[in-house]
């Protein structure tokens, strides 16, 4: 278990300023269909941000516990994907936005599947997919998984659980509907009971920021360093959050905020900047879509203010690479040096290699790939660079690599071709 | 007008390899609801990729002309957004995925708007929003805009236009429906006629790659250097493509390919890597969703092979920044030097500043921000860095910046606060 | 052309009393989507009833002309059925209630047909089915047919027609939608224009009562005596009016009023008592379903007050028939006399014959069927009676019929069996 | 308890002929979603008809017991209407055709009610409306009511009940959905269990014919003579059967067969001829709508062959009434005699009175209403006749009635006016 130590500084200042700006916003109303949730303090307002290095920033009541509710959905979906794989999970739960409200009674016409794992029907099916021979074992896996995402042991708010169980007839309807359509594994009563327990797990905004940062960080909890799910699963979950996470306002959210997100009826709202950060807001009053009013306003403002929109990737126009020609005694003696700076992905590798296309040495010449100042090479770029070197060798140039540990590291069978 | 000069090399090799892999795929069938489209050669198969530096790569029949059809939608949407702004355009056309097929007869229950600009109803409304006192003037703006996205003068395939006009009763139905709902400005017959002309504009895969690269490049055509639309508009269009571009398969596409995209009934398919590339495939046979069979297969493969998924941002875990402490004669004399490498966005700025939180000099000490090796600073990061320096000065440290042109460049009124 | 001569007396008194009761009802509002209709006088209120003998009763402004609008639908449907037959017409237009509003944009999922001929989409398709080589010829047939239903030459209100043509984009949308789905014969623009003319035909409440009485009277205009459509067609039209005539309030109407009916946006409302009467009300203010407020209230009251509900058939419990035994010298000489009173349908014939089952004469005895006091025998009952007589003869009884012209009249080939 | 004694004769012959005609029809398949139903004998085929006098006709396996399933719906609806009245019942269950399949998961948008009591959701709500302090008491009322409709004590098939309870998740889903929408009184688990028991009540085709004849006979069981429900309730149930009884084929059924009807998944199908007969067919194989294949074919044929269509009321064109003028010594002495034959409803009364309008005696003359040969006068007609007599007296004529017991019988306070 980890205790977060919030970091003071300008990021914290920015979060505090955000709270100050939106605290006066007094719209929305508390969820009342679960009576226990109507007891929340509408003035609770907290925000937390966790970076890929595990830096934790927070402001306001980011340590107030509340039940996770629908914010649990992406994390339990991640658990199901980890255990069963995407193909098996999508046999039971779709991946399309439904255009419907969160508790819509609709299954896909042809398949009988719920549209996606972010609406209640899909979340109940997802919960039922978690392996386990008893309900206790199944819920044990879920609680353990949520805890590993959070980096500390979470527990259940038994009062809220009891309240949900008493008033959850619509979710029971969904479970029986799925069961009758053959798209719910196991017993429907048990599935919905486990789902109620899952929704009643107690978290703080700080927890949710760590959990979401773990998804953004390719599945590795940036605070504890634990690999909770694979990169593949983390990417899949973020993609489904991007298209379906905000129910029937998902398109508008992706347009205006531009981050994969998920909200819950207790006032939690999380958003991920892939490879950048996880962020969470807690403020109980909800809008008509069931999203936290202050949470939506704060994240929208934050995204605009700090350029976090997914479609507004940091532009890297400055030439981070440039070929240098070292003239020899003749063309065959010429040396072209390609020096890379920063991290090399597909885009950077393309940029690096582009110079060779029109300015490479003549046959007999030499190409030096200097990776000394490169901070890293991703496997996709490595594959491209190795192919380029092989191509040069094949056409009579000599090649060498300086500082190329990153490049060598990923070399595997067939790594000279694109097919590898 | 520009003639693209495809660049040989490993990227071209990769594209050629892709064509080879999927050319044998003989599924799907030609669109037949526009008779002229049924005359296409099912074996035509081309692909093109354009980088942010305007590097053009292509393979196969990337120079075969075909009509742009629905691939025109994001670009005309960009035109409408440029002229009228998001708020006015969303009064007429929504931004939510509809979960429906491309030519769905459905308007939003409360507003009467079409769900989004990527389905036919929304595209017709978008076309009608383009200013112009005559149909000719309106279409002139559209053709000019598409041409500037492509970097060359495009024209209309009059045979296809005539064929569409003869068989376009469903689109006429949509136009009259919108008109009767009060969600179509102007005359419905004229709107649909202009839309038919827009769909009949002739392009090549190479054109489409440049057009899409322009969206990915914040609205600047990377080949011609012309700013076609603002960064804001480009971001908005990419976001709507991400959530709605692939009709009722949009969620699955975002999950498995992870790139904003748009397909057309003539076999065109484009995808954008924001700040990275634009890509286009052309292959006429379509699947049941109306998407190019080979196009979908090729882009899915390319995304996996080169790690292009939006949620799989190049991980930059290597510490690109590190504080160095230069001890002085006493604490008040100490100097902490923060040296940045690479491009600084919000995330990198946070990382850079984090060191100060626990390891900054005591009061009286000195902080040097060394941006010599930084390749750039985005305005959001600049704002954060300036705030941090102001905070340090305010607490009695001395600060200085080395190589900070990028930082200074964005400084404006109130730029020391986050609110600027 | 006929001039109706309203008949004074208690029926007229009852209608006048009805007007007096509901004239003060000031709810509802004038249709405004056709501007010309908004000019109607909201105080116009008339009612007319026509019996199967052509007796015409009326009260209030039953002679004020107004445009027929949707009340034309059942009559043009009758025309199409007459010309093409039910099987051909149902290839294009369904017969199920849609549960939708009158101008719903919905076609049947599998067939692409409109749900029924009483909603606009189905009515436009029906109009297009009317044979004719030119639009003028087709509309000529329609106007002629409506006139024969009314028993006088009707004409078109050209101002309303022009107003509809200017504002009818939703109907145009429907026509193009049908055309694109392949469920509209001919040109959509022409079909919708003819439909606008059809809706603009001018009628009075008195006309509509005669028209509806013609449907109730098996297709024979009870005033002129002309057979306008066959009994089969009249039955079909009444059945579709019963299930679909009142749009999304059809079920409630059948429950509470219990008569096949049709309403129009100009304030007309007709209802039929099969083999009993046709009735029409005219009062322009409409409720949210688009039905005349006073019309609905008046017909509901009338139905309750006079027991007109279709499910409340006049009970005929009194034994209209009774076997009489005339003893002979022995059993073989016994005569059983079956004397019928009133009109004989299946039900009455069954009742008549039932006595024979347990009380018929022994073999050699005699059965006399006395139809002297019967007012008529329908062909279905005649078939049953003939079969019974044949059965008696077959088992050794002698039979004879007194006053059996009605029985003989329908005797045809194979008329002794039920299969005839 | 009553033992039906089927009556031989031509009606029985007609039913036997019907069975013979459709027995070879080997389409459709057994319901399999309740495993026990899949054990039915697909060759079982029986038919029964009961007249308003309680005459019972049957052919084939009309005494084979099977579970009533959805055919119970109209009868339990009648029970709920009897206990609570139409206004209270329609607060919970609508009266509109849904256009949906029998087990549709859809509630009315605004009210959250199920569309009608003939689909499963509405039937479950109806069952829950039956008063009772315990589940046993509630089911006791239901079984008692069904038994009184049938005229004998019915019981439950415990095997089918157990089978339904095991596999009824879709119905459970409906119950929980209703409960969550606030449109199910009481506990959802209990409601659905009671519904399963109700569906498992064992009947024969002969039973169902008596039950349906009771509805057709204004609520009076024609065999036992017991008044099971009021005429008002019987009319209401028949109307809802007419518009909603055959699920999404209700419109086609009303068009082609023209009788209120209800089918069940075990192969039962009933139809009512109001004031004429109840009929039931049993044949297990079902079509895609869930209706008995042979049942539908047989009833359609029967309706055509015997003219039973509701819109094809027996035509009574023969003048059953005629005024006779008995000249006196002067006009003031003239006597006009109106002699009625047959049963007098609104229509016949109008016909009778019409003669007076143009041919009544002058003031001082005398009108004699001769009802000697009338078989009955319904209260609506009586009211009209009394009003006419009062009108004549008011204008100086003398009036008298001969054989007018029926007329007098209904005279009550205010009976001289229409408002009574």
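Labels for the chains are A, B, C and D, by order of writing; each one numbers its residues from 1.
The definition used in the following text is that a contact is a pair of C-beta atoms (placed from the backbone, for glycine too) under 8 Å apart; a residue touches a chain by one contact, two chains touch by 3 or more.
Worth saying up front: this structure is predicted, and the values here are computed from it rather than measured.
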Shortest contact path, chain B to chain D, counted in steps: 2
Chain at maximum distance from chain D, centres defined as averaged CA atoms: B
Distance between the centres, which are taken as Cα means, of chain D and chain A, whole angstrom: 61
Averaged-CA centre spacing for the pair chain D and chain C, given as whole angstrom: 21
Per-residue multi-chain contacts in chain A, two or more chains: none
Chain contact topology (line, ring, star, complete or other): ring
Contact pairs between chains, per stated definition: A-B, A-D, B-C, C-D
Contact set on chain D toward chain A in their complex: 105-106, 169-170, 172-177, 179-181, 188
Touching residues (chain side chain D, partner chain C) in the complex: 7-11, 13-14, 17, 51-53, 55, 94-99, 115-116, 218, 231, 234-236, 238-240, 242-244, 248-252, 254-255, 258, 260, 273-277, 305-318, 320, 341-343, 345-348, 350-351, 353-354, 356-358, 373, 375-376, 378-380, 384, 387-388, 391, 418-419
